[in-house]
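So, here's a batch of structures to check.
Two complexes are shown next, each including chain A; its partner changes from chain B in the first to chain C in the second.
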Partner chain A sequence: MTPKFLRSRGAKKFFKSRLATFSLFVIGIYTAIGIAVLFFDAITVDDTLQRVGPDSTPMIGEQKIEKRLRDADFHLARLESALNKKEEDVENAIANLALAERGISDKPREELKSEVARGWELYDELATQKDDAEFDAFDGKKKELKEQGIDDNEQVQKLAGNAADEAVEALVTSEDFVGSLEELEGIVAALYRPLTGWDATMYNLRRSIGTDRQGRSISIRALFSIKIALQIGVVSALISVIFGSLLGAAAAFYGGLIDHLVVWLYSTFSSIPSLIFLIVISYRFTGTQWESSLLPVYVAFCLTFWIGPCRIVRGEVLKIKELEYVQAATAVGFGKFYILLKHVVPNTMHLMFINFSLLFIGAIKSEVILSFLGLGVKNQPSWGIMIRDSGPEVVNGFFPQLGAATVFMFILVISFNVLSDALQDAFDPKHVS
Partner chain B sequence: MSAERPAPILQVQNLTTSFRTDDGILTAIEDVSIDVHPGETLGIVGESGCGKSVTSKSVMRLLPPATSILSPESKIMFDGLNLAHCSEKDMRSVRGARIAMIFQEPMTSLNPVFTVGWQLNEALSYHTDLSKSGRRKRSIEMLRLVEMPNPEERLDEYPHQLSGGMRQRVMIAMALCCEPEILIADEPTTALDVTIQAQILKLMEDLKNKLNTAIILITHDLGVVAQVADHVCVMYAGRVIEKGTVREIFHTPQHPYTRALLESIPKSGRREHGKRLPTIEGVVPALNDLPPGCRFAARCSIAEEQCIHTEPDLKDHAFSDRPVRCHIPINQTAEVAGSKGQA
Partner chain C sequence: MWNYIVRRLLYNIPVYLGIILILMALLRFGAADPAYTFLGKNADPGDLEKIRHQLGLDKPFFVQYVQFLWEVLTLNFEQESWGRPGRTVGEMLSTAYIPTLLITVPGLMITATISICVGLISAFNRGRLADRTLMVLAVVGMSVSFLVYIIVGQYYGAFQLKEWVGTEIFAIEGFDLEENGFIAGWLTYCALPVIISVIVAMGYDTRFYRAVMVEESSKDYMVTAKAKGAGRRKVMFVHMLKNAMIPIITRVMTTLPFLIVGSVLLEYYFNIPGMGNRLLGAIFDKDFPVIQAFTAIFAVVFILSNILTDVLYALVDPRVRLQ
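Let's turn to the complex of A and B:
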């Protein structure tokens, strides 16, 4: 079956298109990740909630000195608070400090304590240096301006602020300061167990895009969201295409009351704006036991998405049922239902495939919108939730989370578009030249 | 008629089929009675819209049940079963297995998404209890019977890979694979070119002789009828107007319409240069506007007063023993003598 399919004319035409093959490859990777997450727990929900480092750390480009200083503060403060716990809790607290693969060093506790103290000393020195430089410059500038006779408060604040910034900039880029900071970072790094081999690779993967405001790995969350997107896309597109197509086919084929009923049903449903309908359905589920599952999303999507395939397949079947091969099938003696399933429905298969790919993309995009509104996926990351979470970050000029969610979604959506286009070109009999 | 003819296998009596339309109920065929005998070909001829296809589809009950009505007195007797009013379940056991049908358009009569083998196999598995390999063997056998080249390879091909003639052969193979007693061929050669047409007709003729199948051949092509039919039934505007053997119809047509039809065929080998080919003036009356009298009266060259007012019955006349629906049927023998006198 499969080799024969691969030898067919349509398949050859399909694989001739490099873009189509590439998009198939991309979708293959996405699917592989989705399956690995769904069935083999390659990434669990806990993984997506785990801290992998200080907050809002982009991994691309040079880090700001101030940020590096703050990160050192973060590491030192965490370990210190753990070490200061009651004697019996300390072990536990230290174990909880692990940043994913990156565990706390096995050195004796006293040694750790002294390391932390040394770190604090260095940190305090650097922070004081920075603060002093900032205040001195600010005050100096203020005084200078006063002597010059400028006393417009706003202007003074602005100019003094600029002077302070310049002074800090000059300080933190000075070799001494950077050298001390590097020493501090060395101390901080020594607090953790050295990473080797697979663990190091995994940890680097986790930090590859950066961390969000709660120090969670953006890459892991984005990868986990592939599963959510594929799950929602496949389930809701599959159910609505199968259900809608069969309903449309039955309506057109049997005609009469069934047809009237189905047409009434889909015109009623399609007269409701779909986004409002989605919101209402999702909202109805809040407070029920299914709230935190994906069920509300599935229900909302299936109830709105079946209309498209239903209408298109009904139109096609209205045409097909008058064709002679359907009459010929009746003349061979087959029953009506058998003819519908075995002769009519297979002839609408190309429409089902095209509809599936459209609805798949539609479901992923709608999921993002719903999650953004807080009505979609709950208790696990999805691209929509990532985009929603990135709101305050974007205000502060931190883009990795927004970028990761949109790029991951964009690649999947565009690959699917290219794929469905290529499939149609290659296999739709009306396009075969 | 002749004593050696076996009893008819299918008797259609007083078949009247009407359709519900926006213009009210229209009667497409009225009072059609035909007998089909095993091993014989019955040709049903007539021009477009005269009810040939409706007759065949009524027999197969293929008309849309929502809009078509078979009158209560209609009888389609087949093996003790009245097909006109039997249940859909009984009908299903007759269709395909005992009465098969070939359609006009070989291009659209096969399902485009399945292979030829799949479709043959499907019909066989529905009507026979052969094993899978047995069905495949039988499919190849049937394709060989209809003179399909390389039947083994063709089984795995899709309809679009076959030519029109080959598709029609597949249709015939499908229709005959369950050895039906009656084969209804609704314009089987209309969409084919003349050489293929001749092959298909010869094939049907051979199959009839081989399997002793009764064939109902529906066509508007008198040449086809002359070639393969044993008996002919001429229809006009929903009514049977003349019945007889092919020899009788072609040599001594008694209804003016039959004669006009025959005259309008170009004849080869006869020098008629400069002479216009005779045509039948006018058109078939619309179903919602039928004349009270003979339906052909308006186009008939010999119509009289009574033809316009009263409709003739299908009855035997004094000079012949076959039924004609005409008040003043043409007595060919007398006319031939008369025309000789004139010349």
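Let's turn to the complex of A and C:
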């Protein structure tokens, strides 16, 4: 983008739109996160695999007492696993633990061990209390229902379950229970070094949204997926736009056999529905050494996405090549190739930008679908994989993972949608706003 | 007219030959060969040979090409599926297209009707609050992943609805038209996927139809009609709608081939035994004959609908025939 381009009427119109500038800003933030992950390893694949808390626990919203209990359990278990290592390994083991930034306090080892034991005792007591209350209420209600003569199994289960829930609720909100829990949390907190500064930020970030079924951090996975989405979007949209537009421009400009060939090529490629084509290409890569890389996704996207820009640029160049300035350039004696690159292609730039933006959206959405089907990204998280993983969670009424993936993707896609609308408004005279 | 149709048909022959060529080459050359992909690393060489011979993969490419072209032309797929031994590809094809059409045809009709209406309303109120709200909704709707609609739709539409109402209105998954008769079966198993597909497609279609109408409304004949004193409503719904029919037909027709494909995810998620679901199953089983035949059929349908679009175009707008 030259300054001249920025001074053009279209660019002025574009930057006048506040929404478009804002969407550019949002895309900028995403890109910054993507670059931090890609080049500076701000988040590694290992980070996305670590356990950061008890499984399937949302951390947003009110912290229920049961959740606090499970969290205490998680922290005790985490420390115990480190303490059970051989003497010289303890420092190492702690450094390699999940949530590495949360160090263990400097107390002597024996003291830590006894504290952990005390913590477990208290935890066991609380957990037993809770379980007992639950079972007693469940069985009691069941017996009561039997005496009343209600036999319908489903109904009995439901009513007894409700009774058990009520009993647990009554227990966990009782003062004794909460007091013991606070004591337990105090023990757990004393076992760890207090968090400050950057460590605290990272720790809170990891645990900000919640954990999935394997106790992995949802927020970290969603943030890491930004990198995947941007990588796939930029690579495939860029290659297809450049390749497609150059092919289209050349076809229209030279005409004749090249034009026929290109038209045949794109009508052929566009006759295979793109989703089917994507699926088939991903299938072709199974069993090869590139299977777990992103290469199949790139190939599949580039092979299907070049058609759009090719068709549009060809149409535009057909018009441009009749214009006077092209004739003038020919009259001056420039070669055909020079005119094509210097005078024709730059005048299709706006179409390339618009198409890049549109293809970017297409790439992100298709990546999610392919990954969901198990044919796209492998061995690392992506929004599609998060959505796939959240399928069984949703059945149990657990939404944070689905929500996080959706929201992260939604913000990026809607920014690009707004951006491409604004680009079309500003640069494409045919577009209707 | 006939002259025109024949020309379109002839024009599409090289495209069609090209598609089959690209598909077959794509499935055979490059990465690993299909028999190897199917049997895996530790396959017995004898088995590999046998399976290649069975499908004619050991013949020269040109012979395979002609043979396969003939199969597609006669719609006679005799090969046995690798993933489901004992069933031929043709059999699978003939049972798979019905469920697909049961989802996609109603989906397409409902989507087209609603989104044309919404587009008209939006264009009629251009720039006003109603128009802006509708367009913002359309962009928001377009920005949410298809998968989210499916997952959330299934959770609330089938799973939670059953809890609230007490009886099963929409099935969570599956497909069975025999049990309760056709209509009840369709309502239980297909209605929810259709609703979801309509919601998903609405955003794109509404925006498109609105753009078409807005563009039409700035044309000269509209000014003339207004100058002659025709009412705003009459101009909008009589003069403009007629002329907007051409892009509308094109849009509806170009979505026709996606009728078969568009429901891949819906079929997969709701476990409906349609074409898309079968193709995905074949991909997971590395079932080469099914993949090849199904993709070829998709391409045929695509081209046929292209020709049909051209013909309809010529019917609506006689100028097209002369080009």
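Please note the rule applied: the second predicted complex is superposed on the first by the 362 of 433 C-alpha atoms of A that agree within 3 Å, B and C clash if a C-alpha of one lies under 4 Å from a C-alpha of the other, contacts with A are read in each partner's own complex, and residues count from 1 in each chain.
The working rule: a residue touches a chain if its C-beta (ideal position, glycine included) is under 8 Å from a C-beta of that chain, and two chains touch if they have at least 3 such contacts.
Quick caveat: nothing in here was measured; it's all calculated off a predicted structure.
Visitor: Given the superposition on chain A, are chain B and chain C in a clash or a fit?
Guide: fit
Visitor: On the A-aligned overlay, A:346 touches which partner chain: chain B = first, chain C = second, or both, or neither?
Guide: first
Visitor: Counting only touches as set out at the top, which of chain B and chain C does A:328 meet: first, second, both, neither?
Guide: first
Visitor: If we overlay the two complexes on their shared chain A, which of chain B and chain C does A:14 touch? Say first, second, both or neither.
Guide: neither
Visitor: After superposition on the shared chain, which partner residues are touched by A:409: those of chain B (first), chain C (second), both, or neither?
Guide: After superposition on chain A, A:409 lies in contact with chain C alone.
Visitor: More residues of chain A are touched by which chain, chain B or chain C?
Guide: C
Visitor: Considering only touches as defined above, state whether A:365 meets chain B (first), chain C (second), both or neither.
Guide: Only chain C; A:365 stays clear of chain B.
Visitor: Roughly what angle, nearest 10 degrees, sits at the C-alpha centre of chain A between those of chain B and chain C?
Guide: Roughly 60 degrees separate the directions to chain B and chain C.
Visitor: For A:390 in the superposed arrangement: first (chain B), second (chain C), both or neither?
Guide: second
Visitor: Return first, second, both or neither, reflecting whether A:268 touches chain B, chain C, both chains, or no partner chain.
Guide: Second partner only.
Visitor: What is the minimum C-alpha distance, in Å, between chain B and chain C after the two complexes are superposed on chain A?
Guide: 12
Visitor: Show me the residue ranges of chain C that touch chain A in the complex, using the header's touch definition.
Guide: 14-16, 18-19, 22-23, 26-27, 30-32, 36-37, 40-41, 139-140, 142-148, 151-152, 155, 159, 210-211, 214-215, 257-258, 260-261, 264-265, 268, 279-280, 283-284, 286, 291, 295, 298-299, 302-303, 306
Visitor: Could you list, by residue number, the parts of chain B that touch chain A in their complex?
Guide: Per the stated touch rule, the residues are 60, 62, 66, 92-97, 100-101, 103-105, 108-114, 122-123, 126-127, 160, 171, 174-175.
Visitor: In their complex, what parts of chain A are in touch with chain B?
Guide: Going by the criterion above, the answer is residues 255-256, 323-325, 327-335, 342-343, 346-347, 349, 429.
Visitor: Mind pulling up the chain A residues that touch chain C in the complex?
Guide: Residues of chain A touching chain C: 264-265, 267-269, 271-273, 275-276, 279-288, 290, 365, 368-369, 372-375, 383-384, 387, 390-391, 394-395, 402, 406, 409-410, 413-414, 417-418, 421, 431-432.
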